[in-house]
Amino acid sequence: MVQRMIQEEKRQLRDLQMDCLDEWVTHYRSFSGEGQCAAYIPALEKANPFDLGICIIGPGGTVIKSGDWHVSFTLQSISKVISFIAACLGRGISYVLERVDVEPTGDPFNSIIRLEMHKPGKPFNPMINAGAITVASLLPGESPQNKIESLCTIIESIVGKRPTINEAVFQSEWQTAHRNRALAYYLKETGFLEVEVEEALEIYLKQCAIEVNAEDIAMIGLILAHDGYHPLRNEQIIPKEVARLTKSLMLTCGMYNASGKFAAFVGIPAKSGVSGGIMALVPPRSRQEVPFPNGCGIGIYGPAIDEYGNSHAGVMLLRHIAEKWDLSIF
Amino acid sequence: MVQRMIQEEKRQLRDLQMDCLDEWVTHYRSFSGEGQCAAYIPALEKANPFDLGICIIGPGGTVIKSGDWHVSFTLQSISKVISFIAACLGRGISYVLERVDVEPTGDPFNSIIRLEMHKPGKPFNPMINAGAITVASLLPGESPQNKIESLCTIIESIVGKRPTINEAVFQSEWQTAHRNRALAYYLKETGFLEVEVEEALEIYLKQCAIEVNAEDIAMIGLILAHDGYHPLRNEQIIPKEVARLTKSLMLTCGMYNASGKFAAFVGIPAKSGVSGGIMALVPPRSRQEVPFPNGCGIGIYGPAIDEYGNSHAGVMLLRHIAEKWDLSIF
Amino acid sequence: MVQRMIQEEKRQLRDLQMDCLDEWVTHYRSFSGEGQCAAYIPALEKANPFDLGICIIGPGGTVIKSGDWHVSFTLQSISKVISFIAACLGRGISYVLERVDVEPTGDPFNSIIRLEMHKPGKPFNPMINAGAITVASLLPGESPQNKIESLCTIIESIVGKRPTINEAVFQSEWQTAHRNRALAYYLKETGFLEVEVEEALEIYLKQCAIEVNAEDIAMIGLILAHDGYHPLRNEQIIPKEVARLTKSLMLTCGMYNASGKFAAFVGIPAKSGVSGGIMALVPPRSRQEVPFPNGCGIGIYGPAIDEYGNSHAGVMLLRHIAEKWDLSIF
Amino acid sequence: MVQRMIQEEKRQLRDLQMDCLDEWVTHYRSFSGEGQCAAYIPALEKANPFDLGICIIGPGGTVIKSGDWHVSFTLQSISKVISFIAACLGRGISYVLERVDVEPTGDPFNSIIRLEMHKPGKPFNPMINAGAITVASLLPGESPQNKIESLCTIIESIVGKRPTINEAVFQSEWQTAHRNRALAYYLKETGFLEVEVEEALEIYLKQCAIEVNAEDIAMIGLILAHDGYHPLRNEQIIPKEVARLTKSLMLTCGMYNASGKFAAFVGIPAKSGVSGGIMALVPPRSRQEVPFPNGCGIGIYGPAIDEYGNSHAGVMLLRHIAEKWDLSIF
């Protein structure tokens, strides 16, 4: 079967005249000026706003890349996806879902209102900060260090190298995480946070500071696309139920409070971070005449973000590709 | 291609030993007692809470049915999907989206809070009442009567017969639509309602009172599954872009404030109504070994609803089928 | 006792060199340009924004006036006070308070959020629109006409002439009362509105359109100052408990969402309306060396209103007088 | 003048047959079972729920006491009044009011919603926790210790002895102040908190843990009643403008989200704490035939609190006295 995939992918990529990807990156890069790098974390503000890169990996091993796909950036909110997976692996889905729901909210990612309005204050989903901090506290391991290690181990098992934590970014966020502390203390009071607040924040902010590049997150996306199965290593990394649940969360809640618009006009599961990364994926689908009919993982990096917190040029590029190659899952 | 579909469907259905569907309906019918018929509309309260029926239609024309699939019920919130489609057909997507967003909210369907909290008060999506009333006002046609007719015409073009409006249900809702009137007057003040309030309510409540059965909505679902193309009549009923947009809305917002959970555990676009109907669909996908790989439309009727407003037994049945037949789009 | 009051008042007024009032009116009139006439009701917009008038009436019958005290204006929100009194007279305090609370909110006068956030949706006080519409429905009388008459009768018993309703203002508001209709339908659904919505709105909007001048409302203020007793007619018009309750509501909720600031820096019970009226009062107090130690009623008219809905120059004038004459109740 | 006051007070108290106060305390003590001691602070839970005591001090030096007036308790929210005064003394009223408004909210004392809903997040008043933590950060002094000392110095200047801080209560609250930390971090992010969060909390929680008895707070109330002037020591302790502002805040916001009802049915400035204390006061007023026409300070202690956080028996007792002696300021 993998043989068949490889052959299909090769044929399609030949047909695609892949240089179109370079053209598209160049075109959409020019829109970066309409966004701007996240200002509240000094380390992020130093990024080059005109960086734009993409990496797409097919299940047969085909890798196509363009632009600044190799530039390192920190996961930020993309880590919420991996943390949710790790918590489900360590505690079981039902244990995790007793502490965090899976409903989209329409609210900004750092909103606190809903915790008070809806008793008893269970966070609505793991993709907003309140839910992500809760999930961070559920990671397997006794100490913050162990919990972060459990996360890095999953990433290593997928991308093949152990990621590092950008200490400067972590320190920068740690000093200014007032709103996240407000959320965490609120969750502590309502009983949804299992560890101490400062521990939960250390875990959460360190997971946000994990360094990756577009290729790394494309590979994670690919594994999710294939229900947790690593098609290149022939190994089930994540149970299918966890992968499916994660993909649904990415689609309904992954692109901040523009998730609905992204589902409508791009139509694939994706998770963005304020550092400008987007981890997206395409599950296998039966449109045989299009590129990657057996699905793919997509990693994007473009640090100038829009009003919602999503890579401005990155979303435009992804929308264009999704339309051209008919990637939508709908 | 249709020939191939028909052959595939026939083979699969033979393999499926279709009597399992009857077993499942019987099994999940017994859970109806955990829900109850909507009490606030007298006509709905008179339904038999233990009714449960399902109809599934494949693109090759295969129709499988079980239980009370033939019982008539009113569309209620399922009409929001068809109304949104009709408004997009009549006014264009961009015109409609200037007046209603496509973001899920996490709020109850009749919530008014967000209209005041988020200036200038644009409804968040067409699947909550505020958005649906706005969309009803955008339907093509000069009078309420014309607007309703435009809706019925679309339904007729899909299911092959013109639907009727249950006047008793309409009158019953018209008398008690205090909350909907509150929403509509609020929208009038903020300028999002283009017609008079009482006209908008007449349109909205009449569309809610359109009578269908499970087979009818399965057929509508099928056409959406196939991007608006009617595979049996070989005709494009709805433009592909409108169909895709509609499916994304059903997935992110279609099952009231349990939409996230439904996406997570069933994983297909669906829209429910408080009368107990669920219109669902499965787009084509590449899992070749499963039933309906080329997609299908699904109609369910089970009037005992849960705390969110969704058919209690219907959701359980749909989840079971989705798991057994691997219907998830993720 | 009245003899003593008259003598005291006369002595003080001689000492006051009353021409200072004219000076002050002239001075604060010049600030009218910082406010503007309410635009959403055409009839109000036609007012002269530089009108400013005041009338103060002491219990001994002393009347001092300055500026445009004689200009007619409609009660608007000031009617909420009189309507609350009339409802208490007709139904009893406890009956009324089962349907409306007496807690300030900090929200805009036309806010609807709290009705949904706080179950079961009892309006927080009679000075915001939601509470005032509820109270209007509780007025004594079978028909809207009777209910309005009961209000006019109270006013007549105080000011000595029957007030008229400005039909043009009523019609103007009736056509554009979308937000008030939204509030009223919401209240109808939650069961707090005893009459039909359109009836409640007719009553409420007609009471808003009752015409008065600054002297009329000064007289009503005087009667409240004296716990409902008419010192000039020697008659108890309003029971003491109702008068006290009303004065506390004016102080905590009377000046829209600037009530706290008004209490802090002026310190007397007052109720304003968007037409630019302020009905204020000073209860008797023991600062013997100041004007009106036995209290007084104050009426102000200045149609240019500030961001909160209060007469801009009127509040400034009142604050100045309160400081000069030490009127604060604290 | 003080001579006159003393004579008046003596005469009235003789007339009052002061044993009625003992009767009333005994009567209302029996209602304590309808409330309960605050459970979330262990040290408070250990109080005797049937304690009830009162102390009233007149400007002539008359002190009447009954019941458990001598029992020590911690100020808790009553400290918000003194802290606000101290901040105004140290920084000036306008500086303080740039950081905290004076509008009542209708929300629970520990609500966080409004900080996000109303940009830029200025706390609505100093009597809710968000405002009180902000004010604590504004106290004069460089260190938390200095700031607390400035508070104790004001109390000492009024009651004549330096108060102590109950270290056990402070430690108990410090450990469990999750919600207050959430508020403080939120305020830090929005820029309203001038010191570090942990410092602000130390100040705030230590001020809450200051020990007093009913006589102490009656004396503070007396000084406020007399516009900051200490009638027994013949000294202006608090500027008149600060005292007036403080009294208005007590009336509009002092009794948690029952402030409106307390103003309506008791009608005097008061501030309660969850430890069961109520500090109230009556400004001079011209009802000559009643007790304490020249005003008084009132201290109450009754640790069984009601649903709002106010001493259950204490409020009943105060309401009874206010009615019998006509204490209302309205």
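For clarity, chains are labelled A, B, C and D in written order, and residue numbers in each chain start from 1.
In this section, a contact is a pair of C-beta atoms (placed from the backbone, for glycine too) under 8 Å apart; a residue touches a chain by one contact, two chains touch by 3 or more.
Quick caveat: nothing in here was measured; it's all calculated off a predicted structure.
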Far-end chain from chain A, centres as C-alpha averages: C
Centre-of-Cα separation between chain C and chain A, whole angstrom: 57
Whole-Å gap separating chain A and chain D, where each centre is the average of the chain's CA atoms: 51
Rounded Å distance between chain A and chain B, as computed from the means of their C-alpha atoms: 31
Sites on chain B at which at least two other chains make contact: 117
Pairwise chain contacts, counting only pairs that touch as defined: A-B, A-D, B-C, C-D
In the complex with chain D, residue positions of chain C that touch it: 101-107, 114, 124-125, 243-245, 247-249, 251-253, 257-261, 263-265, 267, 269, 283-287, 293-294, 328-330
Touch list for chain C against partner chain B, complex: 111-113, 115-117, 178-179, 181-186, 188-189, 197
